[in-house]
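As structure tokens, here come the structures.
Shared chain: subunit A. Partners: subunit B in the first complex, subunit C in the second.
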Partner chain A sequence: MIHDFGIVWSERALLLSGLANTAILSALSAVAALLLGAALTPALMARHAAVSWPARGFVDTMRCVPFLLFAYIVYYGLPSFGIRLDNWTSGLAALTLYNAAYMAEILRGAWAAQPREPIEAGVAFGFPELRLFRRIILPPLLLAAGPVLGNQMIQIIKDSAFLTVIALPELTHAASSIQSRHYVPFAAFITAVFLYWGLCLVIEAGVTTIGRVADIRR
Partner chain B sequence: MSGADIAAIFQGAIVTVSLSLIGILIGLPIGLGLALIRWANVPVAARLVTIYVSMLRATPLVTLLLLLFFALPNIGVPVDPVSAAILGLVMNTSAFNCEVWRSSLMNFPKDQYEAAQAVGMRAGQRFRRIVLPQIIPVSLPGLVNEMSLLIKVTPVLAVVGVVDITRAAVRIGAETYEPLPPFLVAIALYVPIVYALVSLQRWIERRQRANEAAA
Partner chain C sequence: MAISHKVLDVAGVSKRFGAVEVLSDVSFTVDKGETVCVLGPSGSGKSTLLRCINWLEQPDAGQIYLNGARVGINSGGAVMNDRDLSEIRTRIGMVFQHFALWPHLTVLQNLMEAPLQVQRRPKAEVRDEALALLAKVGLSEKRDAFPAKLSGGQKQRVGIARALAMRPDLLLFDEPTSALDPELVGEVLVVMRELAHEGMTMVIVTHEMGFAREAATRVLFMDHGRAVETGAPERFFSNPETDRARQFLQRYAGSTAIDRR
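Up next, the complex of A and B:
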């Protein structure tokens, strides 16, 4: 058994590049999905049905579709629209589009739960719309949504493991390669599990810090 | 894509649904058991459950399945794809269920428990007659939510060779050189299943809120 972990250690470069791919892929798509989701949120809350219906339709569909199937659709489907992407980019696109729907729903929920009074006070003070949003609405919104956004971030990391099916060289894919090359299944995959766990603990620690900041501000 | 191909995907759907149901039915009581161990603060066991839950919640189901499928035979436990799939689903969902059960146990009013103690109920009775009937409705929305999340990760079972919706779709796509149509059929099968669970969850929440407002 110790010997098996020795083999995994000798392949650490492969495993670390897998870990780096997982981390970079998750971070990039989390930021992109958050921005895309933030752009989608006002559409979800729009009064005009012509705006809110398509947004609602997209968000609800994504929430009912398994990510793995969505990743296949993006990977095999985009080329038929004449868009050719490599595995990495189409994986990133799938991860981003899919999670944008969840981010939009999280932000909408947090926005709807915000108290009305500070916003009305801001309006009464004559804040211009943009500054009202930036100074009064956004900071408590992000602090309130922090823990749920953190959970979604963990979800993104776990979803990124599915991209092993389109041969994206992320952490699970690296562990699979080590296992098939040396036949050390337990050592290879348990190491990957511990690395995923580590990533998630880092995010949980970040969420706790945000929570503490939110408490101080309250 | 022929009629026989669509029939094959439907057959895969039966496998997906049955495996999910088995996973859910075994995972629910195990999750409750784990939550009780943490709630009762059983020495050593409670710490182990905390670590188990934290680790399992961070592990992608693909990685867990590959670990089970390849490593168990290595230590002399033979597994076929279906039993590895069930074991993986149960381990995954029980960790999430544990958190749902635990949060309703933590919010359970202590005075009721003490009242039951005062009238001389034994521990088993207290749990069966006082605690359980009240934490089930509180946990229900969270548990149904976890069920819909579980269904959404089942396409992964295809990775270890379970012939489910996804594996049927991949095979047909490879044979016909047109991968898109079978995947769209697969999604068309998944969406109503997940949508039904999400609607069920919303319905339960709405009914409970209405009951609370009436009370």
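Up next, the complex of A and C:
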């Protein structure tokens, strides 16, 4: 067994590049999903059905499709419509779109729970719509929803493992290559699990910081 | 324009929510430096009237003029766009019943937010004014505190300072002391009284009869969505013209609200 881990150690360059790719992939799509989700939130809350229905439709669709299937559709399905994306672009797009729906739904829930008056004060003080959302509505939402958003970011990291099926050289893909090359499945995969855990700890630290910022404000 | 000496001119404003007529044909004016207290039983439309003035509620009929300029409707007769509405709202300060401070910002940031983000005034100037306003309401030492850490009376004093930081032509108060514990009402009324003495133009929806009697230049009495009676507080409180006002005052007489200071 120790020997197996020795083999994994000898392949550390591959594993670390997988880890780096997973981190880059997750970080990019987490930021993009949060931005896109934040942009979708006012649409979900809009009074006009012409705005809220398409947003609602997108969110509900994403939430009902298994991520693996969605990744397949983006990478293998879209070329039938003439849209051919490489595996990095497909992976990023799939992770971002899929999780943006969750981010939007989380922020919508937090918004619905906010008191109405501070937002109304923003309107009364002359904040135009976009600035009202950016300066008055969104910051308390991010603080209130911090832990749940952090959870979703952890979900993004885990979802990124599925992207091994479109040959994206991320962490699971690297572990998989090591195990098939040397036949050390347990050592390779358990090492990957610990590396994923490490990434999640980083997110948790971020959530704790947000929690501290939020705590002095309530 | 003949109405230019009036800061506020409300002419024939009506508003209904579904089948309920909340305001019917309400007219009144406020001259520069006046403190008009709007009194009346709950549900008489006082708050809705206030909210129509800065277009938080869109009136169904009637006109509102701020310093002679139409609020909410542009010269073409259409509802104003976001930017025009925003511009006119910056000239009408508002103080809310539940304070409505922005929870993610410190006290000082609450005061500076709209002058910086909406009025786009220079930061140094806004900051100096905000600090002076905090001193005025007696909360200089709380400038870096977050609203959640303040008492109700302190929150409302910040609410007033925040509205003043916009340098408004008109200040609207929507039951500013109704959400406060009785012992905290006084500190807010002190600030409001001071503003009245300084000649700030204000419309105050309140149940504080003692305050209205002593600080108002004029009282507007509302009942069932109508402006029933208006006049000097001395006359209104000692000798109201209408039965409805008399009944309303009798209900208040003897209650603690009348001699709260």
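Quick notes on this one:
As a working rule, the second predicted complex is superposed on the first by the 203 of 218 C-alpha atoms of A that agree within 3 Å, B and C clash if a C-alpha of one lies under 4 Å from a C-alpha of the other, contacts with A are read in each partner's own complex, and residues count from 1 in each chain.
Following the convention adopted for this analysis, a residue touches a chain if its C-beta (ideal position, glycine included) is under 8 Å from a C-beta of that chain, and two chains touch if they have at least 3 such contacts.
Since the structure is predicted, the reported quantities are computational estimates derived from the model, not experimental observations.
With both structures placed on the common chain, the touch criterion links A:Ile216 to subunit C but leaves subunit B unconnected.
With both structures placed on the common chain, the touch criterion links A:Pro140 to subunit C but leaves subunit B unconnected. In the superposition on chain A, no contact is made by A:Gly82 with either subunit B or subunit C. Legend: residue contacts after superposition of the two complexes on their common chain; A:Ala121 is shown touching subunit C, with no touch to subunit B.
In the superposed three-chain model, the partner touching more residues of subunit A is B, compared with the other of subunit B and subunit C. Residues 60-61, 63-70, 72-73, 76-77, 80, 154, 157-162, 164-165, 171-172, 175-176, 179, 185-186, 189-190, 192-193, 196-197, 199-201 of subunit A are the ones touching subunit B in the complex. Interface residues of subunit C, counted against subunit A in their complex, comprise 54, 56, 82-83, 85-90, 92, 94, 96-104, 113-114, 117-119, 146-149, 166. Taken in their complex, subunit B has these residues touching subunit A: 54-55, 57-64, 66-67, 70-71, 74-75, 151-156, 159, 166, 169-170, 173, 179-180, 183-184, 186-187, 190-191, 194-195, 198.
Residue ranges of subunit A in contact with subunit C, taken from their complex: 115, 117-118, 120-129, 131, 135-136, 139-140, 143, 216-218.
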